[in-house]
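Shared chain: chain A. Partners: chain B in the first complex, chain C in the second.
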Partner chain A sequence: MSGYWAGILAILAINIIFAYGIFVTAAAGQLNLGGAGFMAIGAYAAAVLGEQLGWSPALTVPAATLVTALVGFAIAFPVLRTRGVYMVLATFAFAHVVTGVILTQPALGGAMGLVVPDYVDLPVLIGAAIATTLLVFWLMATRLGLAMRALHDDELVSTLMGVPARAVQVASFAIGAGLAGLAGGLYAHHFSFVEAQYFSALLSIYVLLFVLIGGTQTAWGPLVGATFFTVVPELLRIGGSWRYVVFGAIIVAMMMFRPEGIVTRTLLARIGFRRRRVADAR
Partner chain B sequence: MSASAPLVRGAHPLAISAGVALAAICCIALLAMLPGGATLAQQIVSGLMLGGIYVTVAVAFTLTIGVLNFLNFTIPTMFMLTGMVAWGLARWGLPFGLSGGLHWALALLGGIIVSIAASLVVERFTFRYLKTRHGDATEHAIPLVSSLGFLLIFEHLVLIVLGSEAQSFPVRFRLDWHLGPLVLGLPQLASLLLSLGIVFWLSWLLTSTRTGRALRSIAESPDTATLLGVEVTRIVPIVFLLSGLLCGVAGALFVVNYSDVSPFMGEHVGTKAIAAMVLGGLGSIWGAIAGGLLVGLMETLGIHFFGGDAAQVVVWSALLAAIVLRPQGLFGGTRIGKGKL
Partner chain C sequence: MPDEVLLRLEGLTKSFGGLKVVDDVSFEVRRGARLGLIGPNGAGKTTVFNLISGVYPIDAGAITLDGRAIATLPPRDRVLAGLARSFQNIRLMPHLSAVENVMLGQHARASGLGALLTPISWMPRGRWRREAEALLAEAGLDIDPGEVVSALPYGIRKKIEVVRALASRPKLLLLDEPAAGLNPAETAELARFLRAIATTGTALLVVEHDMGFVNEVCENVVVLNFGRRIFAGTMADARLDPTVREAYLGAEEDPAHAA
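Up next, the complex of A and B:
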């Protein structure tokens, strides 16, 4: 395998994990436009633990996941007071605060970034991506996943049916933050360098696009969305900026003709993955 | 009679803002006269001048959110588009070699027209399709996502046609007015007044005209507005026309005052304008004015006291706190719509 494709696969694996982080939140009907902030927390946690305490990646990456999940849990309470456009703005502001704090703390390397000691190779990333995918599929099949889907489809009715809306939303926000932190920890160890500038508003926007274009109804969405968005720009190598123009046009067209995303429950039913369940429903 | 009713109640925002402005001028003058206060007063003055640009863009944001509940991410791009197109017209002239470099005023006008046209294109392809409802919690994100798509399209089209380097607009007005220890840039003062004037005009338009009433009724409830005979599909483009105009004017004023244009100039102003809008309360025009001036002040004073990156933390933490604790904005006050929280 050439270095070029290995690089794309590594990015793809990280994007898939990151996209699942945003998806778990979106699957419960919450939009998180601060993904880059959570990924930055994970990446810097792994970098600092690896450098200062000399921990190996086998410890730093789970620790980064845990730290980010805890931050997500803590921030979920104030942020989930808001909804709709306000929630989008609150998470957006949170990401700006995170990068701003990193830039002003000399201990975190400021604008110079941090060098991360241990290198994690491609097979680990791919393994983590597969594990995350399976985890989210399992999660969506549990009772919690069912409650999340119910909240996504209609919050009022599911609350009336006894779904503890707030607990489910906080849980999904914290799990999503943890997955974004996992992506950040793996990113830090694979590229051996972290800098605040990478975790920009544009990164948050891109990952939210992965999820929304893929579709938030089923766990297939982020997988398809992240793969589509990572591979299509590579295939569209028609010179520099033009591919982004085509890419933007694809997004606009998608929203016009298929706003619910590429993969939907009806699509899966039609393909046949869920044939029996749909037959039951009838 | 009905038009003067708010004045009688003594709560007309115009009267309040005139009073606040007068008080602010007195305070700055007093501060400038104090020993050692001149630098601080100068910072406050430049902060307010910068705030004038933020006000105009923040009102464009708040208008689309207030009427359509739509966070339009192409607004910073329209600001950038105005600057870059104006630079391109002044430097190279019309496309396909139709003319040489244009006069700066014509170039700026061209930039504003392109901004309005781009805004109407965004309306055609994002908002008109919101009707396709599938009824779940992430549905309100559909126009937001399309606007992100348009952000990519416009930004990279500009990169292709005009290049990625930061450029400098050929004309920069420098005419300073020395007022005791203070230096007032006259063009900056003029643009502050012009942007405030446009915002006042917009506020009048919303409260006192037929179109404004239609816009406010759509803000309250699009379905009821349709039932009562408001032609929603004809009124909605007006919102986009106005936001394109506001971004165009802000971009032109920025270019005239600071003369730097680059394909990335919209991001900084756009994020600051979002902050301004949130501080003032989503959907509130008067809040956007106050918020814009406040963010301009916070930025210059933050840089003065703490340095650039720390100022960013201050602005965004204040913003996060404002969204969570006071989602109605710092000042409450009149909204275009009822504020859909």
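Up next, the complex of A and C:
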């Protein structure tokens, strides 16, 4: 495999994990536009733990995941007091606070960034992406996942069915943050360098687009969305600088023709998931 | 204990911006009973449902379910106490399948982290899914349980809502216009199904405008008008009651024909 494609695969693996982090929250009906902030927390946690404490990636990456999940848990309480567009703004503002703190702390390297010890190679990234995918598929099939999807559709009725809405929303926000932190930790060790500028508003917007274009109805969505967004711009390179125009046009077209995302449940049913009637189950 | 009171409403009152929508309403639902809650449009029937299920807090009065005061409990705890309801406008989860909607109705019965983290959507042989599919079949719904509900016809969705409410195995089922929009054959079938439910011990409180349906399903009725209880008794007596007649005559209709 050429270095070029290895590089793309590494980014793809990280993007898939990151996208699942945003998806888990979005599946419960909450839009997190602060993804880059959570990824930055994971990346810097791994960097600091590796550099200051000399921990190996086998420890720093799980620790980065846990730290980010805990931050997500704590942030969920004020953030979930807001609704709709205000929640989007609250998460967006949170990401700005994170990068702001990093830029002003000399211990975190400020604008110079931090060098991260211990390189993590491509197979580990791919393994982590596969594990994350399986984890989210499993989560969405559980009763907790069902409660999350129900909250996405109708919060009041979910509550009247006995779903503890706030607890499920906080859990989905914290789990999502943890996955974004995992993506950050892996990113830090693979690229051996972190800087606050990478975790920009644009990154938050992109990862939310991966999820919305992929579709939030099923766990296939982020996988398809992240792959689409990572691979298509590369394939469009042959078009020179027109690729940005073409790619933008593709996104607009997707929003027009598949507003619920590329992968929907109706689509999955159409491409051959076996149909069955209630009577057959008896 | 066939005569024991399951639900007791005492002096239930609720105002919205100075308008008393529910005004000092009291009545009882006995265990396993089938009670109709009727009245002209705007009489406060759905508000009574919203007060019982905890969508709104009450202004005054008391609600007792199975001997327990529930008026200040959050909606979820009222479900755990044995209450389930359907909605006037279908409020199924449009992105979930029929069987997933029913499994959502089971949520109150699934407690603990183990129950939350067991996959239920993949396992056609799992106990929750089997039970939900059996319930759909019992209701006479011959559909693909994996079909997303937004793709199903109105009458079927209406019925799935009743099945979803039943999935929590409630002691009391609140049904808000379950027959609205159904054709006569569907209405008759729903009436049969509801009477069958009541024989298993679940009490029914039914809001409905179709008086033929109420007559089929309910033993007794409570009549509301302008938020006040104006009658409680049998359907036959309600027809003869002058206050009830007057309330309905306001709409130029005999209660027997009001739809």
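By definition in this document, the second predicted complex is superposed on the first by the 268 of 282 C-alpha atoms of A that agree within 3 Å, B and C clash if a C-alpha of one lies under 4 Å from a C-alpha of the other, contacts with A are read in each partner's own complex, and residues count from 1 in each chain.
Criterion: a contact is a pair of C-beta atoms (placed from the backbone, for glycine too) under 8 Å apart; a residue touches a chain by one contact, two chains touch by 3 or more.
Everything quoted here is computed from the prediction, not taken from an experiment.
In the superposed model, A:M256 makes contact with chain B only, not with chain C. Look at A:D154: by the touch rule set out above, it reaches both chain B and chain C. Of the two partner chains, chain C is the only one touched by A:T266; chain B is not. In the superposed three-chain model, the partner touching more residues of chain A is B, compared with the other of chain B and chain C.
In the superposed model, A:P78 lies in contact with chain B only, and not with chain C. When the two complexes are overlaid on their common chain A, residue A:R166 makes contact with neither chain B nor chain C.
Within chain A, the residues touching chain B in one complex and chain C in the other are 152-154, 217.
Of all the residues in chain C, the ones that touch chain A in their complex are 53-55, 74-76, 79-80, 85, 87, 91, 93-97, 100, 103-105, 107-108, 110, 115-122, 124, 128, 130, 133-134, 136-137, 141-148, 151, 164, 168. If you check the complex, the residues on chain A that touch chain C are 138, 140-147, 149-150, 152-154, 156-164, 217, 265-266, 269, 273, 275-279, 281-282. Residues 26, 29-31, 78-79, 81-86, 88-90, 92-94, 96-97, 100-101, 103-104, 110-111, 151-155, 201, 205, 208-209, 212-213, 216-217, 240-242, 244-245, 247-252, 255-256, 259-260 of chain A are the ones touching chain B in the complex. On the side of chain B, the complex with chain A involves touching residues 65, 69, 71, 73, 125-126, 129, 132, 134-146, 148-153, 155-157, 159-160, 267, 271, 274-275, 278, 282, 309-310, 312-313, 316-317, 319-320, 323-324, 327, 340-341.
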